[in-house]
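Look at the two complexes coming up: chain A is in both, with chain B in one and chain C in the other.
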Partner chain A sequence: MTDEARTDAELVRRCRRGDPDAWNELVERFSRYVHAICAKGFRLEPHDAEDAFQEAFTRVYTRLDSLRDDSAVRPWIAQLTRRVCLDRLAAAAREQPVEEVAPDVREATLDELDEAFAVREALTRLGEPCSEILDRFFARDESYRTIGDALDIPSGTIASRISRCLAKLRAELEGRKQPVGRSGEYR
Partner chain B sequence: MAIAELFEQTAAPTPAPGGGSIAALTVGLSAALVTMIARSSRDSWPDAAGIAAQALELAERCPRLAQDDAAAWEEAFAGLQDAVEGNNEPGAAPLRPMLDRSAELPLAIAEAGADVAVLAALAASRGDGALRADAISAALLAHAGARVGAHLVAVNLGTREGDARSSRAAAAERRAARALADAVGMP
Partner chain C sequence: MTQADVYDEERIGRLIGLLPPAPEGWEQAAKEIPAFRRSLDEIVSRAEADAAFRPALAANLETALREAGYEPEPRLVEALRRHLGTL
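Coming up: the complex of A and B.
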């Protein structure tokens, strides 16, 4: 089993056993997610977001034993990070009034982040060539011709390949009971 | 931007928006048509959701291409005017990168046109038969956009003889033409 294929629960179990590589892997796996919650979800200033990021992972490290379901580490980290961000906002507001992000706007942003990261992880699980094809078309805005040239695939078949890969991605997401998109489309 | 405002801005005696931006918007609208057809054909077309997602992605790219093309052409036009009139101040931005950018965007528009034409051809053959005229309309519009893009690359002053961008743009126009022929059922 490759490092990428290890499940979150396995990773947590290795962390509990004190495996330093596992801790590094856990930080690496969730760092973009935690940072996105701080910077995009709560719109913390860069230095505040960095501090919140550090604090969130410190709490993860010191409180991992309180996590009851190892496979639910992602929502648990998200919850810890939200609390850290709220604490920082409350502390900042006590010193100086700050412009508050409306809670519903914040929740919508956090939902979008959750969805984006769920899709990103599902893409990783799909493996090649689907993850590469979908990333090139939807994230890098590449044309069918560019994708075909890069992956040595006839450009005339790219559209149908993308459709098949999207169907696999949907199955992967539904298998994990994750939301796909507002209209049920592959977005 | 409201449609009436777009018409006014296009008609104004200013260099941009010009043919490239209008071609990008045309391709975007044809992609929106394909999205509509695919969304309306889900009961009878297994790949409809995947095609709708791709068409929607291309439709969302096109307004950005239109804006970028207008900005690039405006900048290149001003740079050319300064060069012709000898107004180039020391330290002014070099002309070559401006011209290069104003050639790269029509190429991206041509390739988007070709990709939308491919999707339109699929919509014409596999989508709801009642919407076949719309699918052919989308293929015609996408081909027109690809053709304009290829023309603008060919006549751009940033394009040199034997430039790979010219041949790529011409190839995109040919792909769009083949897809149009498929859409209308020509051999």
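Coming up: the complex of A and C.
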């Protein structure tokens, strides 16, 4: 079992015990993933995507006891979210014709989101400041200046930091460690 | 070849970009689901057991909720309307 699976299993057990912090952690851990399935995988309109997002987490909360393998919570959440989105699409289609995404395109996108989740896990393992810099630049689309201001780093050094952090992340994904630089910060 | 072998840095950046934060407010609303469900369950149970509360809810949902000590948030009101239809 991977560290992530062990963490997920523990998180699910804490949620079942009614630990409110655990539920908050679970939402924080999977909110981007659930949002992406709704918005990118199924290309739901923003209002429908928001309803689907809330419905997916409601089902997660109310059906957590039916999860058989606690370490498999990510694929289980993905499956629940997909069903919610399909229900939404079917309901929308009853009201007016909707342009459906071709199933093979949808599956390719959903596969890519699974990969993106794995990259995000690796990003979290990198720790600060790399995880913050890469997230701000690639996921939040922030400029060098905004990142520099937020993290109190000269904006002229952001590009090189991004490059070093990407190399570090790539090494993490490839399962090998790079030697730590003299500063102990990046490599 | 494993999946990790085919990661280049451009692709890693693109994959990070596929998971932006959910829009503001969505995550907080999801965190409030346990409290929301507790309120909903309490109100539905009371409506089933309390013969005076049920017609009060049916007559004016928002007022009855306020008088019972609940904030009539749109999500709660909408969920209750669905439940009341089945009581």
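Please note the rule applied: the second predicted complex is superposed on the first by the 119 of 187 C-alpha atoms of A that agree within 3 Å, B and C clash if a C-alpha of one lies under 4 Å from a C-alpha of the other, contacts with A are read in each partner's own complex, and residues count from 1 in each chain.
Criterion: contacts are C-beta pairs under 8 Å (C-beta built on N, C-alpha and C of every residue); 3 or more make two chains touch, one makes a residue touch a chain.
Quick caveat: nothing in here was measured; it's all calculated off a predicted structure.
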{"item": "Which superposed partner A:S160 touches (first chain B, second chain C, both, neither)", "value": "first"}
{"item": "First, second, both or neither for A:F138, with chain B first and chain C second", "value": "both"}
{"item": "Partner chain in contact with A:Q79 - chain B first, chain C second, else both or neither", "value": "neither"}
{"item": "First (chain B), second (chain C), both or neither touched by A:T146", "value": "first"}
{"item": "Partner chain(s) touched by A:L173 [first = chain B, second = chain C, both, neither]", "value": "second"}
{"item": "Superposition-derived comparison: chain B or chain C, residues of chain A touched", "value": "C"}
{"item": "Contacts of A:T62 with chain B and chain C, given as first, second, both or neither", "value": "second"}
{"item": "On chain A, the residue positions that both chain B and chain C contact, one per complex", "value": "137-138, 141, 163, 166-167, 170"}
{"item": "Footprint of chain C on chain A - complex, ascending", "value": "18, 20, 23-24, 27-28, 31-36, 40, 46, 50, 53-54, 57-58, 61-62, 112-113, 115-117, 119-120, 123, 134-135, 137-141, 163, 166-167, 169-170, 173-175"}
{"item": "Chain B-facing residues of chain A, complex", "value": "137-138, 141, 143-146, 155-156, 159-160, 162-164, 166-167, 170, 184-187"}
{"item": "Contacting residues of chain C [partner chain A, same complex]", "value": "3-5, 7-9, 12-23, 26-27, 29-31, 33-34, 37, 75"}
{"item": "In the complex with chain A, residue positions of chain B that touch it", "value": "47, 49-54, 56-57, 61, 108, 111-112, 114-115, 118-119, 122, 168, 171-172, 175"}
